[in-house]
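To start, I am sharing the structure in question, which I have written as structure tokens.
The first chain written gets the first letter, and so on, giving A, B, C and D; residue counts start at 1 in each chain.
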Amino acid sequence: MGILEIKDVNKRFGGLQALSNVNLSVKEGTIHAIIGPNGAGKSTLLNCLIGKLIPDTGTVTFEGQSVLGRKPHEINQMGISRVFQTPEIFTDLTVFENVMIPCLAKRDGAFQLNAFKPVLGETDIIEKAEQMLIDLKMIDKRHEIASSMSRGDKRRLEMAMCLAQDPKLLLLDEPTAGMARADTNNTIELLKEIQEKRGLTMAIIEHDMHVVFSLAERITVLAQGTPIVEDAPENIKGNKKVQEAYLGGAHE
Amino acid sequence: MSKLIFNRRGLIKSTAAVGAGLAMPTIFSRNAWAYTNEPKGDTVTLGFNVPQTGPYADEGADELLAQKLAVEHLNGEGDGGCLNTFTSKALKGNGILGKKVAYVTGDTQTKSDAARASAKSMIEKDGAVMINGGSSSGVAVAVQGLCQEAGVIFMAGLTHANDTTGKDRKANGFRHFFNAYMSAAALAPVLEKEMGSDRRAYHLTADYNWGWTQQESIAASTEAMGWETVNNVLTPLASTDFSSYITPVLNSGADVLVLNHYGGNMVNSLSNAIQFDLLNKQVNGKDFKIVVPLYSELMAAGAGDNIKGVLGSMNYNWQLDNEGSKQFVKSFGEKYGKPPSNSAQTCYAQVLLYADACERAGTFNPCGVVEALEGFDFDGLGNGKTSYRKEDHQCFKDVLVVRGAENPTTAYDTLEIVEITPTEQVTYAPDHPLFGGPEATLGTCNSGA
Amino acid sequence: MLKLDKKDTTLFLVVIAMTLLAPFIMNPFPTDSGLAQFNAGYPDLMQRFAIFGIFAIGFNILFGLTGYLSFGHAAFLGVGSYAAVWMFKLLSFNILPAIFLAVLVAAIFSLAIGFVCLRRSGIYFSILTLAFAQMSFAMAYSVLSNPSFNLTNGETGLQVYADDPQILKGSGPDATHLFGLEMRNTFTLDVGAWAFQFNLGFYICAMFLILAFYISLRIFRSPFGLILRAIKTNQTRLNFTGTNSRPYTLAAFVISGMYAGLAGGLMAAMDPLAGAERMQWTASGEVVLMTILGGAGTLLGPILGAGFIKYFENIFSKINDSVLQSWFSFMPDGLSDFFVSIVHPFVGKGWHLTLGLLFMLVVTFLPGGLVEGGQKIWSRLRNKDKDGGAKSTATTPAE
Amino acid sequence: MDAFILQILNGLDKGSAYALIALGLTLIFGTLGVVNFAHGALFMIGAFVAVTMQKVLNLSTELVDPTKKDFLGNPLMVKTPYVENWFGESAGQFIINWSVPLSILAAIPIMLAIGFIMERGLIRHFYKRPHADQILVTFGLAIVLQEIVKAFFGANPIQTPAPDALNGVVNMGAWLNMSLSYPLWRIVYFCFAAIIIFGVFAFLQFTTFGMVVRAGMADRETVGLLGINIDKRFTIMFAIAASVAGLAGVMYAPINPPNYHWGMDFLVLSFVVVVVGGMGSLPGAVLAGFLLGILESFASTTWATTTIPGINQIIIYLVAIIILLTRPRGLMGRKGVMEE
């Protein structure tokens, strides 16, 4: 039994069968990648996971509980954090404030009218946020406004924000999209490091093979809305079906 | 040393700078004041509170011109104006009670809040002893209440709703302008003469206090002479296009349209009615007619040719043929190059009346002034014989019924006087039900002491 | 004691000092000098500064922090005023129950309206609030003032009449008071050529302003305030961080609605009349302009903006030609006429024009409002002494 | 039945004005992303172009006529417009009579110029600024514009009649055996609005210029990447939007006499129309304009006001609330526009 279970998920958009009979299980403590050519249904699947879309049939459960129809903040409160294609951070706030917010959300839940306590008095939150910034080697940037940072730093900050919540599952949506090779490698290193330190479960949706093969322990290949193979990286490389699927689509 | 006194009022204007000449500033306590803003120096300050922005700004500007002219005349400058024709000869052209008249101005914005703010600033900051002017009944009632509390005299300017001297009457407030009841009483006989007693009237009424009281008054007096009120439709104040209110008139079987509108509303509703060619229609075998109970010169100018033949009433018109009027038109016209409007005349007359009352009372104390004005009869300020009634501080005088002229020669004679309705015909009992009934009371005068 | 850090404590103390000393600060010119025209130290205007300061501080909690631009906040001020005057009519002229009810009614009203409007964001939210406020205004101006059910007294404004019940009045005063101390009590202090007016009503408003500022300061520095700022920056991320933004925005909306209700209640307490036009969209627009002009999202900005606009409304509108002539009378005739005609369009009845021009100038050259202007001047002054002073302002965005 | 059709006509007529203002507002918002609070003022300026034209054509020589007296009893100055001196009395009067249609010719270049100056001189500096700043600066501009107009023309409405030939009523229902008398100028106004609306749509649909602008409305950055000078086109678009508002104002002047406050009167309403239609959607703006116009007309009938007292006061806002709550982005709005 995996921490995240996707069972018999189907989704149609008009005449297009976006997902058909998707079954997938993410094991706790592993990095699981979902790859596939453009239009294979990766984004649709992701949207089903985060409650943005509800599948026509099938179930998506996290630790035995259904995530379907839940609002983003509810899904997050279940223990799922998400990294976006382009880093979603609080651009007008400082780096430190950016990290404090997930710590607050983790402690206080979805809503708490904490209007009269000074932030500076929340020592537990401050310590945790500082620790997180130290872990991710960003403590020297704590007073910078987030919008002024480089793209790589923004990604690192977003990661820090997600990790600050001690998630049980980290969803990564093409975390290296649009990055230069050096930044990509940095990100890979960062993710590896996190995995080693924390044993965190991650699901990565990606089409950059370099990233996928350097990180993932399991890989599911989607083609035309259906998973065609699920296996370890070394087995995927030589798989005929995968090659066909990719050759049929746009070659990466 | 200063002494902290919680007296009933302490809104005070500084006098001379006693300590200014000394090397060290001297701190001293105030003298006791006999009444609010008692003028201690050689000037007395009047507050002119008129709309200077918003839709009635032009009317406010006209009122301001008249008030400035009145101040000139009081101070003995210019040709003396109505000081020459005023039947009371207390004013000498040397200011009021020997003090030179100064004035401050404020902007009511035609909002009761803003009007009170600006009146307060005149009272608290500039030491005004009376507030004069304004261009709407809401503002008049609001400022009148303020002046009553503060202990200064209020003279209302243009306010036509019954309430100003009806249920909202105040001892410190006076109204020279006529009201909706008087309009109705003056119009009804003329309407009967011109249109007969078998008419069906359709009312369009501005949906707020003034509109309602006017509609009530007109409906009451026209029904009394046999007219039928077919319908009364309330129109939002913010309306700009009245077409959707005009079209139902065509099929209603009504043969008279009464527009209980003022200002921009009236200009637009009348223009729209003319566009729909109502005046050329025949209903029930009679010519269709339009009545605008309250006219003003500026509205007539705004409506242009559309007012031709339309009946209404006015407080004053410069074409009025009496000594006071002629003198006022001459003074005003020579100074400003145009004849005065009826709101200008109202404000001018009120300033002179106030000054005269102070002279006769021998004090600026509001209670003295109130006493001097109550039941005061006079002539020579333009309206003919005029009297200020003691019971409700409403002024009684002839009311003019006017009609849009068919062939005006200048921009100023677009309205012609049809009838001068004598005072007796527009007089009512002070406890008339339209005026708050027997409960309505002036209260007692407040001098602020 | 106040749970503020050093910098905030200084700021707070400055605000307290400025507020309490307002009768001196607003009255810089001797009473009989020509410049006395520019004095603003008389009770009514000082009360207005404080009241609109409160209104704008509250609006800033919603707009400055969350970025939700409400175009209907005047409605809450209006219902607050009506509630307060009704308390005067029913109970007595004591201001405490009136202000309490004003805040309460505004809270209920803003909870209901906020609950509906916050289902949308951006301009859709703005138009929804505008629509509710305009409906309230139209109802108050006409429909709810009809003789059979007169809740608002329409055009004239709701006021206290002699025949109102006032069941708790007894032998109490006939003017608004706080346990017998009348709001209109004014004590005038003459110092040389100056006359300073100390008005009880103003000091009541000032106390509320200080309290309102303190609460806003605490909110700005609280976790709640931090999340509100996060809502403005990136609502998507916030939701994916496990925070439900809707109750936060609703809380901010209600808090700012209560501030508006407090302002409305105080307005009625200073002057027991509630006019419908304080609910009109122009009044809502005014508080938006105050906040942006002063600096949205800053602590001091709204107060400055409120003071700025009210100053123009009350001081510039009163400068008429005879005042102008007295200013320029020292010049030869032709020259003084020339100057009078130059200045004439911008004062008196032209005060709107000046205000419009200033809006344009401030927003063009000081994007962060008056507060930014002040910071620029301050940092330039400091840079004369030593370099690098400007940097510190950049890292404290909520200042 | 007649009454019903008449109210539809009234609604279409009101709707024409709303739609024209909203159209320009949406063009500006859609192309430039600027919230223009001065748009109502442009409508007002358009109307005052007509007023000015009327005043200019009435510029007169003055002759003393000793037989008549003015109000002070002095000899009257008789005015003869220059145009009557130049073209003869009847031709001159004809020209004066047709001043409103004539002012369209003047209004187009004037409004284009005003739009051009506004965009180049002010608005362009605010493209990247928050909407709040745009609101403040354009609101300031709106105040300045209206105060300038007030300084020249006063606060009182100024009657600007339509030509005699276009005054009066026509019976539109004669051939249906119904009595549908309707003012001719209002019919002209509706047709004029229809022409302008179709013109704008055709311009955007069938010209290359329009295609680029539409692409720019959809995705500004991409079009910029294609090397197309989109800013210049947007300037022109702003000028066009300004002249649409201006022309709407010119033609509206005979319906209601213009006053300096018109801009503010129409501002709120036009924003409601734009938002109800859906931010950034031109067809939405037009549709919402006519819809609200018609609903407003029906809400003012006796039937409606007796059923729900005061409905005519709030109908526009009520409809706006209902539509926005059921359709999150208005009638035809696109996702992601103006939602931050």
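Miscellaneous remarks
We take it that contacts are C-beta pairs under 8 Å (C-beta built on N, C-alpha and C of every residue); 3 or more make two chains touch, one makes a residue touch a chain.
Because the structure is predicted, anything quoted here is derived from the model rather than measured.
By the count of C-beta pairs in contact, the leading chain pair is B-C.
The chain with its C-alpha centre at the largest distance from the centre of chain C is A.
Legend note: the chain whose CA centroid lies nearest the centroid of all displayed protein CA atoms is C. Spacing of chain A relative to chain B, judged by their CA centroids, is 74 angstrom.
Between chain A and chain D, the centres computed from C-alpha atoms are 51 Å apart. Distance between chain A and chain C, defined via averaged C-alpha coordinates, is recorded as 46 Å. One inter-chain figure worth recording: chain B and chain C are separated by 33 Å, centre to centre, where each centre is the mean of the chain's CA atoms. Residue positions 138, 142-143, 146, 352 of chain C are each in touch with at least two other chains.
Multi-chain contact residues of chain B, defined as those touching 2 or more other chains: 57, 61, 207, 234, 236, 238.
Pairwise, the chains that touch each other are A-C, B-C, B-D, C-D. Chain B meets chain D in the complex at residues 54-59, 61, 207, 231, 233-236, 238, 240-241, 243-245, 247-248, 250-251, 264, 267-268, 271-272, 275-277, 298, 301-306, 318-319, 329-330, 333-334, 338-339, 409-410, 412-413. Of all the residues in chain B, the ones that touch chain C in their complex are 2, 4-14, 16-20, 22, 25-30, 52-53, 57, 60-61, 64, 68, 103-107, 111-114, 116-118, 120-122, 124-125, 136-138, 141-142, 145-146, 149, 163, 168, 207-210, 212, 234, 236-238, 439, 441, 443. Those residues of chain A lying in contact with chain C across their complex are 50, 71-73, 76-77, 81-82, 84, 88-94, 97, 100-102, 104-106, 108-122, 125, 143, 145, 161, 165.
On the chain C side of its complex with chain B, the touching residues are 30-32, 39, 42-45, 48, 138, 141-143, 145-147, 153-157, 159, 162-163, 175, 181-182, 184-193, 195, 197, 271, 273, 275, 277-278, 313-314, 317-318, 320, 322, 348-349, 351-352. Contacts from chain D toward chain B in the complex involve residues 2-3, 6-7, 10-11, 13-14, 17, 68, 70-72, 76, 150, 154-159, 161, 167-169, 181-183, 185-186, 255-257, 259, 261, 265-266, 296-298, 300-302, 305, 310, 312-313.
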